[in-house]
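Chain naming follows the written order as A, B and C, and within any one chain the residues start at number 1.
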Amino acid sequence: MKSRYAIGLLALLLACSLVAAQDRLRMSTTTSTENTGLLNVLLPPFERECRCKVDVIAVGTGKALKLGEAGDVDVVLVHARSLEDRFVANGFGVNRRDVMYNDFVILGPASDPAHVKGAKTAADALQRIAGAQAVFISRGDESGTHVKEKEIWAATGINPVGRWYRSIGQGMGEAIMMATEERAYTLSDRGTYNAFAGPKTDLVILFEGEKGLFNPYGVIAVNPKKFPHVRYDLAMKFVDFITGPTGQAIIGQYQVAGKPVFFLYQAR
Amino acid sequence: MKPAQYRLTEIRAFYRANLALEVDELTIASGRLHILAGPNGSGKSTLLSILAFLMKPSHGEVVFAGTQVDWQGKQLASLRKRVTLLHQHSFLFSGTVSANVAFGPRARGMAKENVQRAVGESLAMVGLDGFESRDARHLSGGEARRVALARALACQPEVLLLDEPMAHVDKQSAQIIESLVVSLSGQGTTVVMSSHYEQLGQRTESKVIRLLDGKVEKIVEGNGEAPSRVVDGYRYAKL
Amino acid sequence: MGFIAESFRTALSLIFSADQDVFAAVRTSVGVAAWSVLLAAAFGIPVGVGVGISQFPLKRVVIVVLNSLMAMPTVVLGLLVYGLVSRQGPLGGWGLLFTPKAMIIGQTLLAVPIVANYTLSAIKGADSRIVPTALTLGAGSLRSMMQLTREVRFGIMAAVIAGFGRVISEVGVAMMLGGNIRWYTRTMTTAIALETSKGEFAFGLALGMILMAVSFSINILLTFMQESHQP
């Protein structure tokens, strides 16, 4: 009697699993890309078209590419050009294509104690922050944002070290939240900032618009010659979709809080 | 002439680093009632454990019904199906009286219908008819002891060993147990029972083995009347 | 204070609107945990019983090791299994990474020491007369051990409940081995981690409340089953 309905309940619990027999495309991307919510509108039409399911694994850029290097995913969508080029050069990826771009901005408290607002270049801005020893939050996770940040520090010739420079090893959301709490500066992609601006953060954009802060996104299929098991067919379908008219239209029209998040390259 | 049920030779057994039993030679006759007498700590329980094949002596030889015991797993399992021990403070399994009494028959692979019958018969023998569905945890001392006895009887063993079966039970239970034990040995079951009450040996046709400090002190062959012979040749081993 | 009240209201509205994401995450959490606990019981109970009743030279060492394994950080276990099931690892050919199966492997390994330890405790606390009684009534070693297990079933159920609590509440293994894939390997705990990383604290707490409610309900059920079998 009692053991019987126990078994029944157990069977119900087990039924809660968890088997998916469909065609699955595994894609690694960055947390900031996923946090913009673009994929929630971009993937369903693609899934209908290819009659497959896309498994999105959102991690830092570094890890996203490492997953590709290990053959644990079929396609990679990231925004760290130098790392992407190395990925392809080392034979892990093929058919890299430009997808979209946005830019990075330097965020900080409205009070701007380091006087970043008057800076002429991004390097100048970071130099002022270092000079004032104002708290700066770094992603520290080999993400696209972190890679860009390192490039700018390299341009200043300064090696950021000290209690004011906090490398947190976490995603863009966490970095913005921490910078908000600490009234600190940080480098962010515009998309994530737009998603957070208003209710979640009172940081403002203190520097923007320089060519060096350009943030291009690339999609790369994992090399089937290196990893015969990857779904190269589905990966290429996705690459064609996201760079084709349907995908590009969706990207171009995508907005967060009434503002566009990504920009398209001209003349496809 | 039936072979002896047990022949023990040069037995040494330890309990917590102390020599608990030291028996040079002992014979347990088949189909008879034996009473192990002696004060606490004299080695009665140890001897019973060895006879039940639950404890292996550290030294010595046991021959059971003509076959030497090699104390290996397989042989032990089959030997234990022929010998059942009723512990002094026996443990009743959680569940019903019937589940307890049925344990032995089920372990022997008896068919379901036969099991039920065997349970009923065993309970009747100890005067606990109708106790099948009672909770084994909620019995009086005497009832619990009788259920344990019924559980042992249901195994229909060749040898029934009992450790102080009548200690601390009410008079009625004690009488039932005593008469049961006597009638069993009369029907051919070898019975070895430890007891504080040596007079019991005089009331029944039994062989009394008296232990003291782990050694056999005296053996009295009884025939229901006053003791007629005293066999005194089993002495202490020299180390 | 208002933040908690807001979360509570959000939790209720998510439940009543039968939010797809939330229900999928609950299903994944419960399904993965259930499978893991079952497998952990299948391995852990025999280990606990076996170690409990045997005497062997290294018994003390084994017990200390089992105890220490209970404190294994989930991320460390996640990493170890990750190394096994990634394509680069020895089991890479099975394509387990980022599937519920990998999560189940990880969580089972997490739960086995707990189930084994609690079972071991139950056995140690058991009456020493159980096995000799069963043996003298003619049971073989296997049947005797099963009777012993039956006599301590209350404690063993506690072992299962403890194991379940551990796995349904953890996030390290689920995140690392599952990849937090929406509708597939996203559990309640990884969903909470995600919302927190987006700064959605109230929403994250709402999910947390739902998780606690589910957890409590299952534990109440298991405890009820345990009590109805109490010897």
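In this section, a contact is a pair of C-beta atoms (placed from the backbone, for glycine too) under 8 Å apart; a residue touches a chain by one contact, two chains touch by 3 or more.
All values derive from a computational prediction rather than experimental measurement.
The most centrally placed chain, judged by C-alpha centroids, is C. Relative to chain C, the most remote chain by averaged C-alpha coordinates is B. With centres taken as mean Cα positions, chain C sits 33 Å from chain A. Centre-to-centre spacing of chain A and chain B amounts to 79 Å, using the average Cα coordinate of each chain. The geometric centre of chain B is 47 Å away from that of chain C, both derived from CA atoms. Shown for chain C are the residues that touch two or more other chains, of which there are none. In the complex of the two chains, the chain A residues touching chain C come out as 2-3, 6, 9-10, 13-18, 20, 26, 31, 35, 53, 55-58, 70-72, 170-171, 173-174, 176-177, 195-196, 200-201, 227, 229. Listed in rising order, the residues of chain C touching chain B in the complex are 127, 129-130, 132-141, 143, 147, 150-151, 231. Against chain C, the residues of chain B that register as touching in their complex are 52, 54, 73, 77, 80-81, 83-85, 87, 89-91, 93-95, 103-104, 107-108, 137, 151-152, 155.
Those residues of chain C that touch chain A in the shared complex are 27-28, 30-32, 34-35, 38, 86-88, 92-93, 95, 97-98, 100, 179-182, 184-185, 197-199, 221, 225, 228-229.
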